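Would you mind keeping the following structure in view while I ask a few things?
Should a chain be cited, it is by its letter among A, B and C, assigned in written order, with residues numbered from 1 in that chain.
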Amino acid sequence: MQFFFEVLIGGLLAGVMYSLVALGFVLIYKASGVFNFAQGGMVFFAALTFVGLQEKTGMPFWVLIAATLAVMVVLGIVIERVVLRPLVNQPQITLFMATIGLAFFIEGLAQIIWGTEVRRLDLGLQDEPIGALMDQFGILVSKFDLIAALVAGILVAVLAVFFNKTRIGRALRAVADDHQAALAVGIPLKQIWAIVWSVAGFVALVAGLLWGARNGVQFALTFVALKALPVLILGGFESILGAIVGGLIIGAAEKLAEVYLGPHLGGGIEGWFAYMLALLFLLVRPEGLFGEKHIDRV
Amino acid sequence: MTSGPHPSPPPSVMGEGVHSPARRIGDTMLSVDNISLAFGGVKALTDISFDVREHEIRAIIGPNGAGKSSMLNCINGVYTPQQGRIRFDGQTFTSMDPHKAATMGIARTFQNIALFKGMSVLDNLMTGRNLKMRANLLAQAFYVGPNRREELEQREKVEQIIDFLQIESVRKVPVGRLPYGVQKRVELGRALAAEPRLLLLDEPMAGMNIEEKQDMCRFVLDVNDEFGTTIVLIEHDMGVVMDISDRVVVLDYGKKIGDGTPDEVRSNQAVIDAYLGVAH
Amino acid sequence: MLYRESGQFKTTYAADQQLFPIRQDRYAIGLLLAVAFVVIPLFASSYWLTALLIPFLVFALATLGLNILTGYAGQLSLGTAAFMAVGAVAAYNFQLRIPGMPILVSFILGGLTAALIGIAFGLPSLRIKGFYLAVATLAAQFFIPWLLVKVSWFSNNSASGVITAQPIEILGFAFDSPPRKYLLVLTIVALMALAAKNMVRSSIGRAWMAVRDMDVAAEVIGIRIMRTKLIAFAVSSFYCGVAGALYAFAYLGSVEPDGFNLDLSFRILFMVIIGGAGSILGSFLGAAFITLLPIFLDVLLTEGAAALNLNLPSGMTSMAQLVVFGALIIFFLIVEPHGLARLWQILKEKLRLWPFPH
């Protein structure tokens, strides 16, 4: 039983990290209807830029964060300006394919600038069991995972407040609802989009740092983003809450399946388990847990 | 608008005497009984009943949001009403499905043109004849025997419709490139290609100028006359409605408030209050 | 001046509905086929055949498959490589386990197996659209190669999971040299391209496009959406399956499920986008472009670096490839969403009028 909880908690903590990546998708999807496949590329780009700058300049941590954030904001704005604005009002599937191209571009660019080798990213957090939990309940929970989950949780909360309580947040939701109408009541559409892409860049940075510190900064980081897709299917593409809950479910289910189901299937199931879960879920509830059902008007 | 004795219509786009008295109106072909439809809590249709007779032109009118398109969508199965029945050709349905409706000979056009934008006029019309085509996948892949014969036969039929609608010159143009009025005509053609017994037209003349409207009226009347097709028509232009329809249903806020010949409807106080008197 | 259809009148619908209604087009395609079938096998070097032409043809076939699904029926799939893997492994097993099985029949059965799997993964398309479906097909992309590796029966218990494809022999004639393999692949691809062209100009093709362009209207006409989409998945997967079998048997000579990865799926999607979604010709143009581009880039970068006396870091070419692919995809989607095929068409229209501007 202890072991079960250990696995479950580990899974939930990993799930928070999935939520974090999924959040980047939801932000952009809500505001501009674009399913940004390049979110993973942005996570990778952010982590690599951070490590690269660290190696080259040796700046202090917070300066590095600020510098990388600046780079990500510029990247976000450029993406919005060069790729998405010319494609406004195109079918969603076209936008989606464009972001696939974008993902390739960003991933290639990051490695041309910073090189292809795997790098370590040290945030000063130790990946070691938390003593108190270990002693008291005999459950092994990584300190790193816990802190990472905390950071992710705070970020999610901040974004939720940003979305629901601020003027920009309200404008954002208006834009998400109806571009034309938002434009008509005087919401500066282009500015809003630039802000969203910048925020998505910021989320990518946080996710990149946490995942990079955990697994090393390498190309495989982009696969983390692929993991976020099933999370979105589960949670619905338009719901921040959905991204969180979906992330937790996928994280926990994946870990549990890996431990309890994996050995019977020959291992390696974490590569597809989340997807098959999402696929089955799609057949039952295509709009996701918290998504809205749309009525086609003709 | 003043009411004059039938068949001399009020001043309108069609001018005088468009009705050919020779048309034989037959028995009831379609009847809609106590249909109610709601989206979530929003009631789109409440307890609507009316019938359509063979060879008739039946208009549905009403202000915006009255539920006219929803009514058509129930008849050919795009929406499923929560209550009520639809009887077509002696068969009773609590809900239609679009495929069933199509096989029974119900075709329609849409308020916002719903053509296949990436395809040519010819292909759009050929698609309208899809139900008539039987060749299997392999025959299609090798374009042999039955498929080749079928394609040519159907092409011939489709060309007749192209001639009828006078769109010969654009037959190979992708419909996305055509002007609005022509697209409306192509959409009518696609519906006609199915050789329907019942044709549902959702605002076929919306957004047209007077000449285009006249052309379209002519086509609708010709279809009705020459092919004997029964027509249910939603239209906002009162002149047109009063001119070409045999009977009119009036909806307002999802309820039926009037039903009868154009003259009857025109003198119906509820209709005047809800619609004619206020909106026009 | 030469390319003009004036004076060529069609007096029957049969004449108007033929594949290439313009006479000059018929000559051109005849010439192209003659070069492909006669000149190239006689004169092309082994390197050209094995490193360029055979993969080009195989990819063109897979691109045709994906184009049927995505370009014509409007259903995006990111699982193309998985369906290729199914075709390859199935063909291998049919060869292996049924004595005396003709290899062409194995290819067809491999394609049919892929079609069945394609239908299974196409089922969600009945309820979901667009990128939701893309995520569902990603499930196929991750699950199928895993399954093919894990269940060792598929690879005949090979320790590495890599299996050697059987030699190709038809009626006692061995297709063992590059020109022979090339001719076999070319024949199969040409026939299947013709079949694809025929399908898209028949009622099933119109049904696919109708579902793509306006599904509600298609349904009202009486097209069964579900059946139409599933046929698209089946036909598309069949093409991909046969392409996978050819990839393994005629190109690589081995079957390795892990080689059919997401990257390959993307590559084929790029061929569709750049070549032209909804175009048979575009499938070939896109496949040629994406097959040649890396080679071109490689030469350009190495020559360029040598000329400038630069020392390129390792992996630079593949990174440059990513960047160029990505940029091209975005460029084409913004500037010419119908790809190279559309550019070719514009060129032809200009040519018809030349030397007059209108």
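Note that in this section contacts are C-beta pairs under 8 Å (C-beta built on N, C-alpha and C of every residue); 3 or more make two chains touch, one makes a residue touch a chain.
Every value quoted in this text rests on a predicted model; they were computed, and no experiment measured them.
When every chain is reduced to the mean of its C-alpha atoms, the one closest to the centre of the whole protein set is C.
Using mean Cα coordinates as chain centres, the one most removed from chain B is A.
Mean C-alpha position of chain A lies 33 Å from that of chain C. Chain A and chain B have Cα centroids separated by 49 Å. Work out the mean CA point of chain B and of chain C, and you get 42 Å between them.
Within chain A, contacts with two or more other chains are made by residues 298.
Multi-chain contact residues of chain C (touching two or more other chains) are listed as 216. Among the residues of chain B, those touching two or more other chains are numbered 78, 110, 114. In the complex of the two chains, the chain B residues touching chain C come out as 76, 78, 98-99, 101-103, 107-108, 110, 114-119, 123, 126-128, 130-131, 133, 135, 137, 140-143, 147-148, 150-152, 155-156, 159, 190, 194. Those residues of chain C that touch chain A in the complex are listed here as 74, 76, 123-124, 127-128, 130-132, 134-136, 138-139, 142-143, 146, 150, 216, 266, 269-270, 273, 313-316, 319-330, 333-334, 337. Interface residues of chain A facing chain C in the complex, by the touch rule stated above, are 35, 37, 82-83, 86-87, 90, 92-94, 96-98, 100-109, 111-112, 115-116, 226, 229-230, 232-233, 265-266, 268-269, 271-272, 275-276, 278-279, 282-283, 286, 296, 298.
Within the complex formed with chain B, the residues of chain C that make contact are 13-14, 17, 195-196, 198-199, 201-207, 209-210, 212-214, 216-224, 231, 235, 278.
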